[in-house]
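Shared between the two complexes below is chain A, which has chain B as its partner in the first and chain C in the second.
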Partner chain A sequence: MTTDTLALSVQNLSVTVRRPGGRYPAVRGVDFTLARSSTLGLVGESGSGKSLTALAVAGLLADNLVPAGSARFHGEELIGMPEARRRALSGSRIGFVFQEPMSALHPVLPIGVQLTEGLRAHTSLTRAQRHGRAQELLELVGLTKTRDILGNRIGQLSGGMRQRVMIAMAISCEPDLLIADEPTTALDVTLQKQVIELLGGLQERLGLSLLLITHDLGVVAQTCENVAVMYAGEIVERGRTDQIMREPGHVYTRALLDASPRIGDARRRLPSIATAAPWLRDTRELAGASGPAALREVSPQHWVREQDEREDAA
Partner chain B sequence: MSALLEIDDVVKHFRIGPPLRKKTFPAVKGVSLRIEAGTSYGLVGESGSGKTTVARMVAHLTTPTSGRIRFDGRDVTGLRGRRLREFRQSVQMVFQDPYGALNPRMTVLELISEPWEIHGLHSRADRRRRATTLLDQVGLAASALERKPVEFSGGQRQRIMIARALALEPRLIVADEPVSALDVSVQAQVLNLMKDLQDELGLSYLFISHDLSVVEFVCDRIGVMLLGELVEEGAREELYRSPRTQYTRTLLDAIPSLPTATLAGNETGAE
Partner chain C sequence: MIWYLFQRLLALLPTVLVPLVLVFLLIRLAPGDPASIILGDQATQQQIAALRHQMGLDQSPIVQFGRFLSDMATLQLGQSSFLQQPVVDVIPSYAAVTIEISVLALVWALVIGIGIGAIAAFRRRHPEGRVAKALGILGISVPNYFLALVLIIVFAVAVRWFAVGGYVPPAAGLLPHLQSLMLPSLALGLGEVGFVSRITRGSLLDVIGEPFVVTAKSLGLRTSRITTTHIARLAALPLLTVIGLLAASLISGSVVIENIFGIPGIGQLMFNAVSNRDYSLIQGIVLFSGTAIIVVNLVVDILYAVVDPRVQYGAHAR
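Moving on to the complex of A and B:
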C-alpha cells in the first residue's frame, strides 16, 4: 500500500516514561497503518499502552512521557513536530473524542462557546456562521432542540448527549482522522449502541479515518474493519477484525475473547488469563536490551507476534 | 423454601430542588422481589433505573419512603440501634469503585478489622489471624496485611473489599456493580471468586449490574429495572431465552456481540 492512501502510518513507535527513579518504555515497537476512510480498533486492557499510543499520535502526551519512532499523518511526521504546526493540525484535521465528557468539557462555559472553539481557531467563519455550523453539527450527531443545547452547560445534559456533543466538537472542522479513546465506556449499553452507530455513520458519510481505542472487543467487532491487539505496551496481533475474532493467533487475544462472559454460554467458570498484563514499572528488565519480538504474517494481512515458550505454556 | 430476603412494594422518593420546596423524585416506584438462601439475584438496568437505590435500601444505607423489607422472616424496615447493628452483620456491601471505597490511609489489616472494631468482635491477635484467613479466601497473601490500597491493582482492591465484606460472616452480600471498573481478565477472576465463595460459604447475593452477560454468569434469578420499576423478572434461562418485555429485548440486542468462536472453558467447564 503506498503512503498516499494511508491516513496514518505508525512505525516503531515508543513512549518512554521518565520518573524520578529512572525510565521505562510503556509503549514500544508499535507498527500499524490506517488506510484513508477506514477504521482500526486498538484493543487492550488497562496498562497495555493503547491510550498512550493514541495520545502520542495526537501529540497530547504529558511532559514526562517521551515519544520516539515515527507516526505519519498523510505522509507528514507527527512525532517531534513543531508546536505551531501541531496546533494547526489538532482540532482541524485530527479530531479527538475522550472517554469522559464530564471531565473533558468545561463545566461552566456554555456548550456553544466550546463547540465553536475549533471553528474560531481554524476557520474564518463569522460569529453567525459559526453559530449556524454549531447547530448543524448538533443535528448531525442526532440531537434536537439544538438552540437550547448551545446555551446549556455540560452538566445539564445526559451522558449520551454529552458524548454526542463531544463527537460534534471533534468533527467540527471536518477532520480527516478521528481518534476516539474509549468513547462509549462510560455509557449504558443502549446508549453505547447509539454512539457506535453514530460513529460508524459519520465515518461513512464524511469519509473519516477512525482510530478507535477500546478495551471492548465487542465494540471493535461492531465498528472496525481492522484491529490491533496490545499487551504490555506492544502489539501482539493485528489484522482484519473478522478473521482475528474467528481465529485468534496469539494466546493473549484468545484469552481476551474467552474471558468475557457471553449471553447463552454455559460455562461454570471463566478462564483466567495466565498472561495478565504485568506492571511495566516492575518488569523493566523485561523491556531491556532485547526489544519486542517480531510479528509474523500467519496469513495475508494477519500478523501475530512470535510467542516465547512461557506464553505458549500459559 | 423460605426467602432470605423479601422486599415488598418498596418506594423511594428523593427530595430534589431547593430546600423547603417539597419537590420529590420517585427513584423506586414499588419494587417487590425475594431472594432464596444460597442463591444469587441479579438486578439489571441502565443508569437512573433505581437499581442502586434498591441495593442501598436492602443494605440499610437509605430508608424506604414506604414498603417493607424482611430479612430471614423478620421485618427489618425500621430497625434502629442495637437491632440495626445486629442486622448489619448479616448484610454486607461490595461497592463498584475499589479505588474510592477503601480508605487510602488504612492498611489492609485495618480495613478488614474495621467491621470487627465497630461491632466489638475478636481480640487483637485474633483479628490478625482471621484477616489472614480472609485474605487467603480471596486469593491474597498474608504479606498484604501491612500494605495500603495504593499498592494494589484494581482487581486486588476488589478482593480486599470482598474480604472486608466477608469479615462479619454475612449471609447476604449486596454487590453494586462489583466488576464494572475492572478489565475483562480481572473481571473473570473476581466473578469466579464470588461464585467459589458462594459455594463454600452458602452466601446469597444481590448483584447489581448494567451488564446482562455478567449477570447471566453469576445469577440464578434476574430482575430488569426501568425508571424505578421492575419491568420483568424470571429465572435465568427463561429470561434470556424468551424475554417477555420489549425493554429486555432491547437491552439484550444492544450488547455488542462477538462472532461465535469456540470458547475455551466450555469443554472443561461443563461438568
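Moving on to the complex of A and C:
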C-alpha cells in the first residue's frame, strides 16, 4: 500500500503524560493505517489510550500531554506541525466528533453560530450563504425544522439531535478525515444505532475516511472494515474486522468479544475482563525494560502482538 | 423576559425594605431623644415636646413606621438641619458628582482589572501571568485611601499633572472638570482592581477548561476568535455580578475618597451629615444609596438574562 492511497498513516505514535511527579507513557508504539475512504475502528476499554491517540492525531491534546512519533495525513506529518498549518487543516480537512455534545457544544451560543464557525474560518462564503449551508448540513444529518434548530441553544435539543448537530459541525467543511471519539456512548441504544447508521451513511456518501473510537466491538462490526484493538496504551491486534471477529488472535480481543452482548443470548451473564487495564503509573514500569512488544502477522493483514508473560500472568 | 423582569422586581421589594428599616431604627436607637438632639442644648421642654409631636415620636412604633414608610415613598424627607434646605433638594447635585466618579472608577476597575485578570489566566504559565496574579492579590490587600495618598504624592506632588484636590464643575470647562475627577476616580477604581482581576482570572480559567473550547479548536478557529466569541461570552457572567457588588463598594468607598480629595459628592455630604447629627439628611442619603445599589443590581440581573438566556428559564430547566 503506497502512501498516496492512505488518508492516515500512524507510526510509533506515543503520548506521554507530564505530571509534577514524573512522566508516564499513556500511549506507546502505536502503528496503524487508514486507507482513503475507508473505515477503521480503534477499540479498547476506558484508559486504553484510544482517545488520546485520536486527540494526538487531531492536535487537540491538553498542554500536559506530549505526543511523539509520526502521524501522516495524506503524506503530511501532523505531529509537531506548526500551529497555523494545523489550524488550516482542523475543521476543514479533518473533522472531529466528540463524545458528549452537551459539553462539547457551547451552552449559550445559538446552534446557527456554532455550526457556521468552521465555514467562517475556512471558506469565503457570505453570512447568508453560511446560513443556507448550515440548514443543508442539518438536513444532511437527518434533522427537520432546521430553521428553528439554528436559533436554539444546545440545551434545548434532545440527546440524539445534539449528536447529529455535533456531526453536522464536524462535516461542515466536507473534511477528508472524520475522527469520531465514542460518538454513541452518551446515547441510549436506539439512538446509538441511528447515529452509527448516520455516520456509516455519511462516510459512504461523502467518501470520508472514518476513524471511529469506541469500546463497543458491535459498533465496529457494523461500521468498520478494519479494526485495531488497544490495551494499556498499545495496539495488541489489528486487521480486517470480519477476520478478527471470527478468529481473535489476542487474549484481550477474545475477552472483549466475550464481554459484548449478543442478540438471542440475553440470559447469559456477561463476563468481566480479567486483564484489567493497568494503572498509568504501572505502565511506566511495564514499558521500561523492553518497550512495546512487536506485532506478528498471523495471517495476511492480521497482526497480533507477541503474547508475553504480562498477559499470561493476568 | 417580561415574566423574568416581573419576578426580579418582586424580589427587590424586601431588599428595598431592609435599608428603610435600618434607617428607621438607626435614628430611634441613637442615644438620646432625636428631638432634643435636633434642637440642641438650649431648647425648652415645650419646644422639644412640640417637635416630638411634629415628628410623631409620641406615637406607637408601628404608627411611626407606617408614617415613615409613606414619607419615604412620597420623598418627604424633611429639612436638613445643617444646610437649612429640604433634603430632596440637596441630594441630587451631590449625587450627580458621586455617580460620575463612581462610573469613571467602575471603568478603571473593569478595564485594568479585566486586563490583569486576562493576562493572569491566559499567560498563567509565563512570568507575566505570575506577575499579574501577584498584582491581583496585592490589589485586594491595598485599601483605597492608601492608594489615594500614593496617587497624590506621585501625580499631584511629584509630577504635578493633577491638582492635589478640589472639584471643578463641568460649567468651568469639560477638560478641567475631568482632570479634577481623574485622581479621585483612579483611587476609587484601583482599589477594586484586585477584586475584579481575581474574579476575571477565576472565571476565565473555569471556561478555558471547558470541552467546547477544545471543540472550537477542532474547527480550526483562531485563538482570538475562540477567546472573544466562545470564552468571553461565558466568562463575562461572573463579571456582571461583580458590577453589582462594586456599586455598593464604590458608594461606600466614596465617603473616604471624596473627603481626601475634597469632592462635593454624596460621600462628603454623608460625612458632614453624620458629623452634624443631621438625621433627615442621613436618612435621605441612606435611602438614595440603597436605592442606587438596588437599581444597579436590577440592571445587572437584566443583563445577565440577555447574555445567558438560560437564566430566564430558571436553574432547573437547562
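The rule is short, and it goes like this: the second predicted complex is superposed on the first by the 294 of 314 C-alpha atoms of A that agree within 3 Å, B and C clash if a C-alpha of one lies under 4 Å from a C-alpha of the other, contacts with A are read in each partner's own complex, and residues count from 1 in each chain.
Operating definition for what follows: contacts are C-beta pairs under 8 Å (C-beta built on N, C-alpha and C of every residue); 3 or more make two chains touch, one makes a residue touch a chain.
Being a predicted model, the structure only gives us computed values, none of them experimental.
Colleague: In the overlay, answer first, second, both or neither for which of chain B and chain C A:46 touches.
Modeller: A:46 sits against chain B, while chain C stays out of touch.
Colleague: Which partner does A:197 reach: the first (chain B), the second (chain C), both, or neither?
Modeller: In the superposition, A:197 contacts neither chain B nor chain C.
Colleague: Once chain A of both complexes is superposed, is A:117 in touch with chain B (first), chain C (second), both, or neither?
Modeller: Touch status of A:117: second partner only.
Colleague: On chain A, which partner touches more residues: chain B or chain C?
Modeller: B
Colleague: Using the superposition on chain A described above, determine whether A:217 touches chain B (first), chain C (second), both, or neither.
Modeller: After superposition on chain A, A:217 lies in contact with chain B alone.
Colleague: Write out the stretch or stretches of chain A touching chain B in their complex.
Modeller: Those in contact with chain B are residues 45-46, 159, 188-193, 196, 215-219, 221-222, 242, 245-248, 254-273, 276-277, 279.
Colleague: Looking at the complex, which residues from chain A come into contact with chain C?
Modeller: These residues of chain A touch chain C: 58, 60, 63, 86-92, 95-96, 98, 100, 103-109, 113, 117-118, 121-122, 153, 155, 169-170, 172.
Colleague: In their complex, what parts of chain B are in touch with chain A?
Modeller: That would be residues 46-47, 153-154, 183-189, 191-192, 195, 210-214, 216-217, 240, 250-259, 261, 263-266, 269-271 of chain B.
Colleague: Please output the residues of chain C touching chain A within their complex, sorted ascending.
Modeller: Chain C reaches chain A through residues 125, 210-212, 214-222, 225, 229-230, 233-234, 307-310, 318.
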